[in-house]
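What follows is chain A paired twice: with chain B in the first complex and chain C in the second.
And now, the complex of A and B:
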């Protein structure tokens, strides 16, 4: 008896529901569904909107042409991208020694001090930025591009320190001891053991900082007198939702494409090196 | 000889850490010092007074912003902890391929730029309004957006604990006659609590500190960040008092944590 001939789809659905067997992997279902509906779908809608004219609603590439038509637009994006690179590298250089020292039981055994570094995150990002702005005024420093960069580094520093610390402190100390027993010096130990094993922390910290810097427009507004970042452009376009919202969506889509492309490129690079990332190193 | 190099190393290490802490705290300290003087521009001292604190509590917009920020952070990180823990358990028990795919999926909001995520959320909410779903920019949209972008951090915090869990524990629970649900809640979950706590702390902190995603999804409701951003032409001096208060709160939490750590260390040593 073949029952699959032409059963009503609703009946079929309920039959499948009846035979649905709950297993532990289904605990992930609610969030994965939410992810599809509340994250993936909106991204798709944003991309869809980016091809529609704001006023007439027809399919068009006008919004994308708009990006290249005004030099200010792609200049702002370029500025944001290289600023993000500068800020990420600067945070890495500043945070790595601190994370290295704090994760080394020779120098530090308490976890409280790492919380001391995370504490400014509780004082809101805007309050931190305002604090810095006041400091610049007191010191008589004029606002401009350098102050924006300093502000970004200052605001996002903890976001680099925490993943670095987690990744460095999860390294098994016996590796380093084995290294010194076998005659490796401190420098060699660091370059051959500690640094490679802390790569997951470096990667996740860098992603966090890079994306936060590319996105932020408030810091440029508060700390740069007339520095326009990509975020400022997109924000203005999207604020004016009825008239230029879809242009803003197109600009955001361009950023999304750049992000996806660079992620694919780096993941291919790291995979070639064969460095398997284990659950550790993340935030 | 080596002992001396060890101590110099320690001194260098300590001074790097302390130097960074000073750099990190100096601007905030300055703000706190000047929260006790009523002058509008910072830097001029016009006598000690608590008037900025009084102004802060009388400023209804500021109070609304504080309430919104902490309420949204508390609600969304509470939801995120439950959701994130379940998701971590689910993903942990998946088969290899599905597991990699799902884990990558949950990281979308972490890897994506906040500005793209924020705009995408807003696009969805506007579309929902267009088809007459009764939703308005405000608490609901803020909480939905925050939950979606802080849950991945909970998953990342809980995941390592799952790997450290004894895989036979669940089977043992089943063998001893507890149902699958009961085993999950009474045997597995309690083992995950440390991960859940650090996940909550992380989620709460990130929600508190958020500006970009919130700014696209608040509407007329203000969080601390959007309130300050919207009044950036003349930053209200009360904000100095607000910084001082939040700082004091966080500092107290830090001290409590420190004392607790000290105690547990002592207990551990016997």
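And now, the complex of A and C:
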């Protein structure tokens, strides 16, 4: 006599639930949901809207054409790009020597000092900027383009310092010793070994700062009396959402394309150079 | 051209190390090291980890500067010279190949920086020889030659990360020798390789040394490697060179029990010299080939396992009766443990015996190596604290009531090796330290304990086996502490 193998569906469900195990890939689920809802969805909406006319709602390239119609738009875009470049380079020049000294155990034995350098990050960026603005007033400095650049450098400096520090302090001492063993003095040792090995830190710090600066408008708002960055243009278009929101979407998309393109270009450049196997917070 | 001079230069000293002391903070790593290395020799610095061998190599390379003393290379004082100005190159333990350069770039690194005398230009007014850099084609040729030498032809374009450990090691060697240094320093270069690879590289390094004529200074903790490869071995321990000699000298005539124990397996025992050529150990009298010791002097005796012959118990030639307690087959020989009145001997024999066999052992006189004991008693400077306590090495110990001394008296404290006891609980003892060495002496273990706070060593005999690195407390019974009045050194001098 054969037994019937059929079991109750409820029991089967619980059996299956019992045999369900969390695999490592499941841990990424919460972030995946967040990514979908808060990043991919708005991004899709932005790109979708950028092709729609604000008033009539039909699909058009009108919004993109708007960008080239007024000289002020691409002037602001150009200003944002070169400002970001200036700020990035300035941060690099300021942060590199500091990171270099801090990463050398001969000069710095504790991580306390690196904390001190990262301390401004603990204060809200708006508070910091407003404080800086008051400082400028106090010193009698008129707000303008220079104050915007100074503010940006001041606000984003730690974002350059930390990746540089991680990158530099992860360079094995034996490389430097090998360099001097093979005949390189201090200067050559730096230019031929330390500098190339810290490229990953330079790249990630630069990308962080460039991206944050190129789209920034709040600091220009607070520290530049009439300096218009591209971020300010987009901001203004969104303020007037019902009439120009979709134009703003198109402008933001243009900026996005430029950032993604420049990032791809730099990552390809560094990969060709062969560096980057060393640790150091590569993006 | 250089070959012709080799025999002539062979006797010349290339590296002279004079009274080198190196301290990191309060810890002494090298304690008054003297060493001279002849041109063209393959010299190995051999010792257990922490003996200071790598530190000595780093001082020669210039990565560290000594606390005191001087280093000469080729007759020039280089003590304070930075590494890039020294005529030496290093092969690093973990290769240290530059990750941002390919194989070619790594090997060419030193050549691109080098300046060589330019013979095409006339000498400058002040006698300065004009210099030039290597031309691109010359560099290419040299790198390819170096790659061929290490057996990596055609690997120039490869990324260093794509190479196996052995190949990376070859690149590291090529990178160092391509600069044609006067001395090649090698810091445990084969440590990360598997056994088969290591054996291959040993032979290749020896061939390279022969063909290049460069002086090699080689650091290793592997005694077999040292014995195979070197012309000379410097055995180091606790920052001091224990013995410098050819591999044969080191093996056959170890200067002390440590060297004997470190180089190969050996039976180490304590014995007494009865008179010249006669000594006593393990309860029997032996003839030996050593003289010049004091009558009744306690000595260390070393007998290699292959120098003991096992025979049937009734053989009249036998010197020591015993019983076989274990037999292990080791491929080409048997390792046999023979027990005799508490003493245990390790013997290597091609014939097998059974456990429980009653046997007798025979040792030839010239196979008995007699050595002076480095230390026969623990002796420290101390101060009497009161009627029942004395302070030495920063700790206070109880002593038996002493009428001869008053508090504040300066004394010499002496403690026999047999009268020291160790405990697992350092907090229970006045003094604590770390076990740095244990030596099996046939019947007991001789243990060396390092007392860090005082930078002194305690020696003791015990039946308990301790491991190196164990933290222990040092206990001494009150009646076992011997005290002697300390007189000024000027008075004791005569």
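Observations on the model:
The working rule: the second predicted complex is superposed on the first by the 238 of 283 C-alpha atoms of A that agree within 3 Å, B and C clash if a C-alpha of one lies under 4 Å from a C-alpha of the other, contacts with A are read in each partner's own complex, and residues count from 1 in each chain.
Just so it is clear, a residue touches a chain if its C-beta (ideal position, glycine included) is under 8 Å from a C-beta of that chain, and two chains touch if they have at least 3 such contacts.
Bear in mind that the values here come from a model prediction, so they are computed numbers and not experimental data.
Judged by the touch definition given at the top, the superposed model places A:33 against neither chain B nor chain C.
Within the superposed three-chain model, A:180 lies in touch with chain C and out of touch with chain B [touch as defined at top].
In the superposition on chain A, A:264 contacts neither chain B nor chain C.
When the shared chain is aligned, chain C comes close enough to touch A:172, but chain B does not.
Touch criterion met: A:193 reaches chain C, while chain B stays clear of it. Chain A is touched at more residues by one of its partners, and among chain B and chain C that partner is B.
When both complexes are overlaid on chain A, the residue A:55 reaches neither chain B nor chain C.
Residues 61-63, 82-84, 88-90, 92, 94, 96, 98-102, 109-110, 113-114, 159, 161, 175-176, 179 of chain C are the ones that touch chain A when the two sit in their complex.
Interface residues of chain A facing chain B in the complex, by the touch rule stated above, are 22-32, 34-35, 38-43, 45-46, 49, 94, 97-98, 101-102, 104, 106-108, 110-113, 115-128, 130-135, 137-138, 154, 157, 207-208, 211-212, 214-218, 221-222, 230-231, 234-235, 238, 241, 248-249, 252, 255-256, 259, 263, 279-280, 282-283.
Chain A contributes residues 172, 174-175, 177-185, 188-189, 192-193, 196-197, 199, 273-275, 277-278 to its touches with chain C in the complex.
Considering their complex, residues 10, 13-14, 16-17, 20-21, 24-28, 30-31, 34, 41-43, 69, 83-84, 86-91, 93-95, 98, 102, 105-106, 108-124, 126-127, 144, 148, 151, 153, 156-157, 159-160, 163, 170, 180, 184, 202, 205, 208-212, 215-216, 224-225, 228-229, 232, 235, 239, 242-243, 246-247, 249-251, 254, 257-258, 261 of chain B touch chain A.
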